[in-house]
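Two complexes follow with chain A in common, the first pairing it with chain B and the second with chain C.
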Partner chain A sequence: MVATLEKTGVGADQEIRPRRRTLVLDVITYTVLVVSSLLVLGPFLLSTMTSLKSSKQFAAEPATSFPSPLTADSYVGLIQGNYGFGRSILVTAVVSLVIVVGQTVFSVFAAYAFARLEFPGRDFLFWAYLSTLMVPGVVTMIPLYLLLSESGLRNTFWALVLPFVFGSPYAIFLLRQHFLSLPTDLISAARLDGAGHLRILWHVVVPLSKPVVSTLAVITAVTHWNSFLWPLIITSGDRWQVITVATANLQTQFNGNWTLVMAATTIAIVPLLALFVAFHKTIVSSLTIKGFN
Partner chain B sequence: MKRSISTLVTVGLTLGLAACSGTGDGGDDNTVTFRIWSDDAVAAAYEQSFAEFTAQNPDITVQINQVPWANYWDKLRADLSGGGGDDIFWVNAPNYASYADNGNLVNISELLPDAVSDWEPSAVEKYTRDGSLWGVPQLIDGGKVLYYNKKLVSDAEVDLADLTWDPSNEQADTFLQALKKLTVDSAGRTADQPGFDPGAVTQYGFNAAWDFDAIVGNFIASNGGLYQDSGKYVFADDPASVDAIEYAVDLINDDHVAPSSADTNDNLDFSRDQFLQGKLAVFESGAYNLANISEGADFEWGITPIPAGPSGRIPVTNSIIAAGNSASENSEATQKVLDWIGSEEGSEPLGANGALIPAVTGAQQSYFDFWASKGVDATLFPAGVQNGVLKNDPVPGAQAASADLDSAFKEIFSGRVGDIQEALKEAQDNANEQISG
Partner chain C sequence: MPGVVRSTRRRREILSGYAFLLPSLIGISVFLAVPIVTVVWLSFQKWDLIGPAEFIGLDNFRAVLTDGRFLHSLIVTTLFVAAALPLQTVLGLGLGMFLERRVPGSAVFRVVLLLPWVAAPLALGIVWKWIFAPTDGLLNAIVGQRIEWLATPSLVLPAIVVVSVWTNIGYVSLFFAAGLRAIPSDVVDASRIDGAGRWHRFRYISLPLLRPTMFFVLVTGLISSFQVFDTAYALAPNGGPERAGDVVTGRIYYEAFQSFQFGRAAVMALVLFVILVVFTLLQQRYFRSRTTYEVA
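Now for the complex of A and B:
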């Protein structure tokens, strides 16, 4: 995040600070920043480096050594081999898209209802729903598995999507808090003009909530792109395999196959990076406090 | 912005609706699902085998599902308890007992009584419980061997044939004497010479470590001990086992002929990589590493039988069976596939790719031929079990105790434990409590 310094008003003379103090401060700041970025980016660098090594070099030399020769064998092997990796990328992309769209739409509806509609038991229902955030995912996994098995949905696309597509407590909570902060005057004005709830949502509420909704969409996309345990137990075989399961399948009982695995994880990161690059302005702007113009 | 959002919503819902036309598992009545843990080479071999099967039985197709090895047992338990799971699935010895007891597995003694004699007897015995065989043996490990670096061994003028080890008699312990000659420090001194510096070892003699299959189990068996018996752990009560374990621990911490447990405890590949780099002279392991070593070693290497202990050359052996799912909705087709994979014709592709030895004795020749063409006498592996194997009765519910047992042994192998016998007793009693509780 870049903090921009705005030039203060007319006639402001900028104080001239002694050069040495600024220099020392700058050096310290940059050192801290460089070290922190190395710590954060280090694992990604390591995994990309490993994916470009030959497996022989990986076995023979320390993990931090630079790949020599630089080879794309792992990527070629991944795509050409019978790992079903290409299909898993497609499945994961479609699953993430459907969940993001569904979760965003339904969470907006639910949050609006919890924030702006009056009905008996509204607050109790909201807090009860929110309290399910406290339940660890693994606890509900087996009952959910049995539920979907009995419905004959095991190993189908809907099994991957249904438990998540109707909203998440986290998203509804965040959106509800945001909707509560919107000025009631705007909504009352819209209602005076004869707008129903759907119109108010579409024309007033959602445009004002763009940063929050986009951020939630990105968070949901990343969460479900990376989800492993649920797809693992509910699907079987190549047809509905997701990226995380396909990557885990690259490791055998006696072989870590690390260069191949690193190639798979590097490929898996690329769509998320693209998503971030496309949406980074909205994410950043949602983190700053903006008043209404 | 509005238009792109609505487009996105439409696209998402359309994709969702389109995708729901996919059928669930086992949609086709004549598709038999076959589950293995992740292993690309074996999957390719099975595909070859099943292509032939479908050519002979055109109305049945077999679908191979791979599940990541690290999560195989969790997923199997979840699927079987939910009444699902694939029609045929791989199981191994440590894990099959509870499924057999619960009636999840098809009784092979009843289904294919005539085929049992075609299969490796040690595998058949291992998977016989309450008088019945609970799966079709697929792959066996044979025994263990010593892989050795020819140059390092000849430089040290050591002969690896007919070595014996003995925890109680130093004179008879020719194995340790050989290993000491193979361990060299940075000044060029070997471990049996005065002034040897254990902190500056550049070449290790052996890969002693906490690795039950490759090291510890073989020492226990060759000393006549037992690790588990009658459904519980007995390694601390059996003096032969305690001596064997102490011997292995001393190899690391007192004799310094093996790498420090700090390196080997959490990374089972460490010793193999050291061997491939030419820094380890003798590497005790099984057939599962044959392909790795053959591809990875750029020096001349050979294999030789493991050293003989006081009770002989007795290894640990592992095997894999393909069990039928008793809850399968496709039992007739499943039975045909089970029959096929237990036959010589069905198992031959498994051996031909050299990954592991087929359990169907008639199909084993393809495995030996493959490795003979690479100059390796792979008959040494099945020959290793001729004097007997470690009697390892399965312990139902072993998973409950495995984490604590693993960390207890790691601690013992680190050399920080003063009284090994006491530490073993504590670990054993703790484990027995966990599996019964």
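Now for the complex of A and C:
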């Protein structure tokens, strides 16, 4: 049909051009998206491939070769060996979990107070919370280290958890904005039914805010699972070593033993990719629409 | 009677307000507000944690502002930001334009492109350290040459830039895609009817309307890239060859936790803070002074 139309003169040509143009544009779009996706996925796939090779194959064949035989030796060695890596996984998981639960619950409380309750000093406190957002982590890191080591908490579980578990100004701000946008009628109706603030929060506000709360929880999990500088400073030795610190130490200690090191990076990376893929729908839309900017 | 009910109600609301706020108030005061005050106090002290702190006036400021290594790290960081920020913004905008077209399957690409943003920067840094490794690394296997990427001073900073841009580009493109989506199609259609070409539509319609997105992407990008640490720590430990990858946050870390000069490190942190505030205000002024277009 295209061929016949093309031969029938000027009018037909005008009709066909936009369609052909979108086709060309579609081809370019897919090319760009596929190429950039491959560039993004490449390092992930190739490092995982390396972690599944025997050290013999890694030494003998080029880096791009496919693992044969496929072996989990590096992972087994990493967990069972004397690297303390198994413990690091546990420490990181527990620390992240405690922070996510604490930070989410306490931030929801604070945000509700700022958005829906009236009490003296509210606006000043909100302004004070907001102003701490301007201060980058590097600035507070040194005094925080001195504070915790002078309290005898250096190299403890508490040092990893306490500074973050009571809520974050960022989360409180975002949640407050969201709570303000909820319909007032619903909350007033619940008030008239005699519900207390805790019940309103739990049965009305939180169910209406599930996407925002879960996005925040995932972002908190990502931030603290990936955290490196703070654990590097405040812990030493194997006892409270988190995955990122363990991976960095492993690389320095066994430079060149890339099958082992790539097993460590894969363990550090993959759980979060899984978490993200599981929640991607909520996160991708919340990030750009719900005012995360 | 109703007045009594109202006042107990009111009192209860005030009490719940403080009760709800209490945990975060404790946390933020002790672990954020106190450290912010302490860092200023610390900048006037000489303290190595072993002896007591000693007030030394402006000595730390004098020492830091004449410290060649610190000034060098400021230059390295500025170069890093000057390369990484425009690259990730331009490439992110380009990629965002293709994502915005929402061809079938673009949701999958969105997720894939965001993956580096979710992964630990330190772990990614070490993956890239393998990619750049001289003998058994990926890149040399591909180019078929033995290049000492991370041992060559002139290549260290570009390597950190590449890894950083690679990490952030998907995240940036997502925001531009959303910004472009928000532009009402009748504005674009009207310009098309007026005979504006593709470049004109982009330059005079899309780009000005993307101003809020652009501001957000630039400000957050600037603040985070000025504080780059994990990637630099992985690719250029101790600053790398000839300190070519010695970024400011790393400098602060080494000053405090290798040299135990906590007072000087506090001054360096304050200098970094002031730089960030100044740049943020400048960007704000620039974006405010230009005409803004309200997108309904």
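Throughout what follows, the second predicted complex is superposed on the first by the 216 of 293 C-alpha atoms of A that agree within 3 Å, B and C clash if a C-alpha of one lies under 4 Å from a C-alpha of the other, contacts with A are read in each partner's own complex, and residues count from 1 in each chain.
One rule holds in what follows: a contact is a pair of C-beta atoms (placed from the backbone, for glycine too) under 8 Å apart; a residue touches a chain by one contact, two chains touch by 3 or more.
The structure displayed is predicted, hence computed values, not measured ones.
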Worksheet item: Put the two structures on top of each other at chain A: do chain B and chain C fit, or clash?
Response: clash
Item to complete: With both structures superposed, pick whichever of chain B and chain C touches the larger number of chain A residues.
Response: C
Fill in: Touching partner for A:V101 - first (chain B), second (chain C), both, neither
first
Worksheet item: Just chain B (first), just chain C (second), both, or neither: which does A:W158 touch?
Response: first
Worksheet item: Touching A:Y170 in the superposition: chain B (first), chain C (second), both, neither?
Response: neither
Discussion item. If we overlay the two complexes on their shared chain A, which of chain B and chain C does A:T64 touch? Say first, second, both or neither.
Written reply: second
Discussion item. Contacts for A:T252 in the overlay, against chain B (first) and chain C (second): which applies, first, second, both or neither?
Written reply: both
Worksheet item: Taking the superposition as given, does A:R239 touch the first partner, chain B, the second, chain C, both, or neither?
Response: first
Discussion item. For A:I142, using the defined touch cut-off, is the partner it touches chain B, chain C, both, or neither? Pick first, second, both or neither.
Written reply: both
Worksheet item: Should A:N82 be classified as contacting the first partner (chain B), the second (chain C), both, or neither?
Response: first
Worksheet item: Which chain A residues lie in the overlap of the chain B contact set and the chain C contact set?
Response: 59, 142, 145-146, 149, 233, 248, 251-252, 256
Worksheet entry | chain C-touching residues of chain A, taken from the complex the two chains share | 25-26, 28-30, 32-33, 36-37, 39-41, 43-44, 46-47, 50, 58-59, 62-64, 106-107, 109-110, 112-114, 117-120, 122, 125, 128-129, 132, 134-147, 149, 162-167, 169, 172, 196-198, 222, 225-226, 228-229, 233, 243-244, 247-248, 251-252, 256, 258, 261-262, 264-265, 268-269, 272-273, 275-277, 280, 284, 287-289, 293
Worksheet item: For chain B, which residues are in contact with chain A within the complex?
Response: 1, 8-9, 11-13, 15-16, 19-20, 22-25, 33, 35, 37-40, 43-44, 63-71, 74-75, 78-79, 82-84, 86, 269, 272-273, 276-277, 288-289, 292, 296
Item to complete: Could you pull out which chain A residues touch chain B in their complex?
Response: 56, 59-60, 81-83, 94, 97-98, 100-102, 105, 142, 145-146, 149, 152-158, 161, 210, 232-233, 236-240, 245, 248-256
Practice prompt. Flag every residue of chain C that touches chain A in the complex, lowest number first.
Written response: 13-14, 16-18, 20-21, 23-28, 30-36, 38-39, 42, 47, 49, 94-95, 98-99, 101, 103, 106-107, 109-116, 118-124, 126-131, 133, 136-138, 141-142, 166, 169-170, 174-175, 177-178, 213, 216, 220, 223, 227, 229-230, 233-234, 237, 249, 252-253, 256-257, 262, 265-266, 269-270, 272-273, 276-277
